[in-house]
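See the structures that follow.
Two complexes follow with chain A in common, the first pairing it with chain B and the second with chain C.
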Partner chain A sequence: MALRRLIITLAVIVPLVALLAYGFFRDPRYIPSPLVGRPAPTFSVKLFNGEKVNLADLRGKVVFINFWASWCPPCIAEAKELEATWQRLKDQGVVFLGIEIQDTEVNGRAFVDKFGLTYPNGADANGRIAIDYGVWGIPESFFIDPDGRIVYKHVGGIGAEILAAKAAEARERIMTTKEGKGDYQSIR
Partner chain B sequence: MTASIGHVAIILGFALALWGIAAPILLHRTGNPTFLSSARTAILGQFVLVTIAASALIFGLVTTDFSIQYVAMNTTRATPIYYRVTGLWGALEGSLMLWEWLLIIFSGLVAWIYKDRHRETMPWVLMIFSIVSAFFLAVLAFASNPFQTISPVPLDGRGLNPLLEDANMMSHPPLLYTGFVGLTVPYAFAMAALIVGKINEDWIVTTRRWTITAWFFLTLGNLVGAWWSYHVLGWGGYWAWDPVENAAFMPWLPATAFLHSVQVQERRHMLKVWNLSLIIVAFSLTIFGTFLTRSGVLSSIHAFSNGPVGTIFLAFLAVILICSFGLLAYRADLLKGQPQLDSMVSRESTFLLNNVLLVSALFTIFLGTIFPLIAEAVTGKPVSVGAPYFNAATVPIFLALVFLMAVGPMIAWRRASLDNLKRNFLWPAVASLAAAMIVFIVAVRDFLPLLGVTLCAFVAATILYDTGLAVRARRRLAGEGVFRALGTLARRNQRRYGGLVVHLGIVLIALGIAGSMSYSVERQATLGRGETLAVANYKIRLEGLRAIEQPTHYRVEGVFDVSRDGRSIGELAPALKFFPNQQSPVGRAVHRSTFTEDLYLILSGFSELDKNRATLKVLVRPLVVWIWLGGAVIALGTLVAIWPVRKTSTVTVEQSAASELVAEG
Partner chain C sequence: MKSAQLKRIFFGVLFLLLTPHLPTHSLPAAAPPDIEEQTRAIAAELRCPVCQNLSVADSPSELAQEMRALVREQLEQGKSPEEIRKFFVSKYGDWVLLAPPAKGFNLLLWLLPAIGALIGLLLVIVVTRRWVKRSSDGRLTTAMEAAAPPAVPRAPEAADVPMDVDSQRDFYRRERERIEAEGKEIEFDFQSGKLSEADYTAMRRRLDSEAAVTGQKLASMPSSPAPAQKRAPEKKPAAGGERRPLKTWQLAAGAVFLLLLGLSLGVVLMQATRPRASEQDTITGDFLTGTPGSGGGDALLAQGRAAFEKRDYGQAIEMFKKVLAADPNNPEAHAYMGLMLAQAGHTDGALSAFDRALAADPNFPVALWGKGMLLAQNGGDPREARRLLEKVSTMMPNGPEKSEVEKLIAELGKPAAAGNVAAPAKKPAPPPVAQAAGPAIQGVIDVDTKSKTSVDPQAVLFIIAKSTSGAGPPLAVKRIAAPKFPLNYTIGSEDVMMPGSVFSGKLFISARLDKDGNIATKEPGNLAGEYKKNPVDVGAKKIDFLLEPLK
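What follows is the complex of A and B.
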């Protein structure tokens, strides 16, 4: 009798503990980005140099969009790396586009000058672009393939290696549904 | 030096805890009474050592000894002294230290108070304490060492998470931990009773005050947590059904059920297995909560720390569940032969129903909390469960519980007669229906809030009516004044009147929740200087922005002039705080409370200072303040229930004072 009750007890407890243990093998923060695979929301942005860029005009090229702010530590950390990668990739049909958000234009220009950024950069004056792309933290980056589809999203600092690899994949129209993450954790 | 003292104290404490586990077993084997005193000494020794370790950590924090990693992570030179002390529970290692400290304080108190009592069970009670303490000390010594040193020593520390720099930080975690730890006492006595095989009502009677105390701290800990969330997190809410909140709330449900069902066992010797199960579940849930918070298996807005601690806590949880329920299953034969329910209309059945509902609420919340795990295990797709599920599933249960709060304390034991029902509930029912009519006419037209208000009124009316009758009877019998009579009643039947006051507190909380859940208004707008936003009866005008330098951060305040129904009620200044080590600003919402509603302002953003434009979110939340007042009433009720009073004569507990005195009169 006691043995039967013991078995019933174990039959309840063991699966429960196993389920909780299973939790160690998953990433609770993993949320598939609803944007990946969708056509990139179009926008036009006025660059710091006065030119205007329309995303629709860049169809046929791989576009790398990087949302940043001058006050954000990981943005500062990756600025030089982004510029170096831009120098390497700019002749391979890849367009970089830096979008400054949650910041002032004065700070933005100073940032671009300080790090000698030569790829197009402009401010998202009323915050519309960041909202369309569902930007939650800074930095966040997106790859758009030649057909104008978002194929990759990266949260946090991206690093030259992933940047180059994803640029090559985007050219082949290869999609990555799982969003990438930088080392830098935003709010802790 | 400080670090070495602390670490050595923890390791010695662990060794003593192991001895504390071995001694009762040796006592059982040899019958040599020195092993009993040595089990007690082991507890008191752990108390001394853990106090030394905790003091060492506090000393390190206060003197900003950055050679200790924990200190470097949780203080800076600029941190004010009180936040250095509260840094003790600012992160994982220190929180475990605090937990262990509280645990060993409770254990020491039990060992000291019951020095010459409960000779048979006491060794095993002390052993359970030593087992739990040994677990925490092992974690502190080997897995999550608060005295980990770093070299080279940093020049300054990183500092507390800015959200923790708040006055409630001082009270919320210790209150909650005291509640959690307090549940160890009834659990230990329950286990000891099972081990000895003497399963009567002794363990319940002995631990009654402890359980009420633990329940009280658990209640207050949750309420202060809600209050913190409400006024610090700056989103205008007090409860989000986040896994970590659920983890803190879940033990409260079986603990509440337990407080009620033990009365049935005391009175009618029923529900023995049930009560033992409840206390095992409640205690397990305190460990489960820490597992959930520290393992990172579920996504939460609270900061989770990953590491080996989650795995260790899960292993401990498994051991507790298997051993406790295993023991219960083994001993279940002793628990047979209970009396049956006499009638479905009786206090026993009401309490039973109350238990079923509380456990259903627990199950519902537990399921919702771990559902993302289940779903992903089964379908492979991540799912999140949010407030809509929890609200929809628990609101009906909680409403039913409010109804039972009116019935339970007044209905007769064994079998309620029609006369008993009529005498206790007729007038309160009439009064609450009248109240419902008035509320319906004046304001509330929706079903659920109206039902909530009616039930709350019903509970309040039954309590006031019953107490009123009892007071009248005392005035007639003893010629006492109203207050004197109330005092006599409360003193003669502390548990009953303490419980009724607690119920009134719960009613206030229920009203606050009903009002704020159902009738909140929310608006957001970007204002230029001098522009006005109108919300409900309020008009809010932006006066300008101002920037202030604070010791640890820089803050930008939006200054708003607020008027209600055209009358100015002053200035409110919500702020955004910019901490040097943080990527995004931390909001500092402000609110103005009245008995009818709260006005809550959140500064969501601002333009450059010179342009003076601010984005403002405004919430008007009715009745929120009653939630906090309810907490105060609960505190009062608990004091009434557990205040030590020397009794001149034995009074039968749980008499329905009103009905019996009225019958006499």
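What follows is the complex of A and C.
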């Protein structure tokens, strides 16, 4: 009798505790993206140097899109590493594209100058590109394969190693559904 | 019979208890025709990605603003609300919906409350049945004691141990209690389906025979005065248990209590989850606190008058507005509003307020006095002013104020003096008519050359006039959306924050160009500037200055 009661009590309590534990150990801010594996939303962006870049024109190349803002500490932290990786990969058919969001162009230019970024950077004036990519925490990076499909998403700082590895995978059109995660800052 | 009644009552109470929770906010099925409303309705269903449990409609975040703009834009393009929802789901996943679809893991979200309620319901039923059983069991055992079925061997250990009669009796009594308890337990298990009928009958039979043996032993013992005494108190709890279902008023009281609890819980929950009217709107509204409107119109009027005396015109206006909301023809509230409007230089508004007061009560002294003073002051209609003041002077008690009014009447009698009358010292005096258009400060605001290229075309310019240089609320603020620089500006009495405050004295002029139009938040890229030779006199012109990036 007592054993049966114990079993019933446990049968009620254990799933509840498990549910709560699942809830508490999850990052409440984390938003899983439905975009990985889908065609990348197209956009065109005006770069700080005045040129205009259209994503559709980059078909056939691996594109690394990095959303950032000058007020975001993890973006500042990874800026130099991104530039170094760009220097290493730029001759291998990989295009870097930095998109500044929720910030001013003045700050953006200052940021690019400060960290000596040579890869194309431009501002998303009204936040439409960011919404199109479901951005919520920056830096947020997307890898687009030569067919124009998003093959990997990384929220937060991405190290040079992952960047290079994922760029190589993207060239082979290998998709990683599991999103990468680093130190990030929620956008505003 | 009893248990059926009980059951019915409990179901009723439970149902009432649960019903306030059941209906959730259902969204309007038919979309309102207005784009603005439609935008809000859609945004209210979307979860702001950067907030904690806020909808896109309610969130002040930059991302939510952009999302709202996008919703509006798509509506204007003729997209249906469903298409717009799908668009956001394709970007942020089901996560973005405040009411996620009932499938997969989310199903748990929808089912758990119902399951919880069901379990609670079952628990209540089981417990109730147990109560009922307990009382009838009490009757059962006493009946069993009387009858003495044949003894079945289950020799109590006590038989081997030599014991005196008293401790033997105690032993058998304890034994009887144990048997009773066990009987109830198997009864309960049988009722709840945990025991098969065969098992139950076998166990019942064993217990019955044990009870018979114990009963016999107890009966065979020499009855001492102690057990007789003991038996009486022993019966009491049993009697108490039996009495419980009899006292229907207790049950009714319990039911009423639960009903009230359920209702109040429902009301409070509804209040707590309803959309708020304003920032000041608390969770319960004025439902529990009762601060505004608790004392009715008279209390509000008194509060308004007190605020007026303290020159807290913002508060006074708030109070009088509430009075007028409840009683649109309250002469006192109109009259005081008139006084404050007159003081702020809004002559026309003041006159119409006094007229409304007098329409409600042609002999209301404050309105008569206010209108008379106002007319006398701006020289518009000295004859009417005189008539009103004469009327009010007859109502006034003798004193300096009355003689002041009489002096004024005498002056109004002389046509030449009509235009220029000194206001009585104690009462608020409207400014002279020359300033009725409103005193103002004028100048040009420009952006410094370096920042000129980066000015956000969507930004909002706030021109601020303060009467102190430090922190504190501004006296007047002028808001200019999408300003073009250089910008000619005028800030004056029509821009004062609190109706009733006067745009006068030495003022500190500054301006801020805000990216998101929310002056409370600071974004990079906001520009600010102030006049270098602050403070300036009201009426000054060429108060020109530059805006620079915020440091």
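The definition used in the following text is that the second predicted complex is superposed on the first by the 150 of 188 C-alpha atoms of A that agree within 3 Å, B and C clash if a C-alpha of one lies under 4 Å from a C-alpha of the other, contacts with A are read in each partner's own complex, and residues count from 1 in each chain.
One rule holds in what follows: contacts are C-beta pairs under 8 Å (C-beta built on N, C-alpha and C of every residue); 3 or more make two chains touch, one makes a residue touch a chain.
Please read these numbers as outputs of a predicted model, since none were measured by experiment.
With both structures placed on the common chain, the touch criterion links A:T104 to chain B and to chain C.
In the superposition on chain A, A:S70 makes contact with chain C only, while chain B stays out of contact range.
By the touch criterion defined above, A:G50 lies against neither chain B nor chain C after alignment on the C-alpha atoms of chain A. In the superposed model, A:L6 makes contact with chain B only, not with chain C. Contacts of A:V17 after superposition on the shared chain: chain B is touched, whereas chain C is not. Common to the chain B-facing and chain C-facing surfaces of chain A are residues 1, 19, 28-29, 31-32, 102, 104, 186-188. Per the touch definition, chain A reaches chain B in the complex via residues 1-2, 5-6, 8-10, 13, 16-17, 19-24, 26, 28-32, 72-74, 102, 104, 137-138, 186-188.
Contact residues of chain A toward chain C in the complex are 1, 4, 19, 28-29, 31-35, 38, 70-71, 102-107, 126-128, 130-134, 136, 186-188. Listing the residues of chain B that touch chain A in their complex gives 161, 291, 295-299, 303, 310-311, 314, 317-318, 321-322, 325-326, 328-330, 332-333, 370, 372-374, 376-377, 382, 384, 582-584, 605, 608. Within the complex formed with chain A, the residues of chain C that make contact are 49-50, 52, 61-63, 66-67, 69-70, 89-93, 95-96, 108, 185, 189, 194, 451, 454, 456, 515, 523-525, 549.
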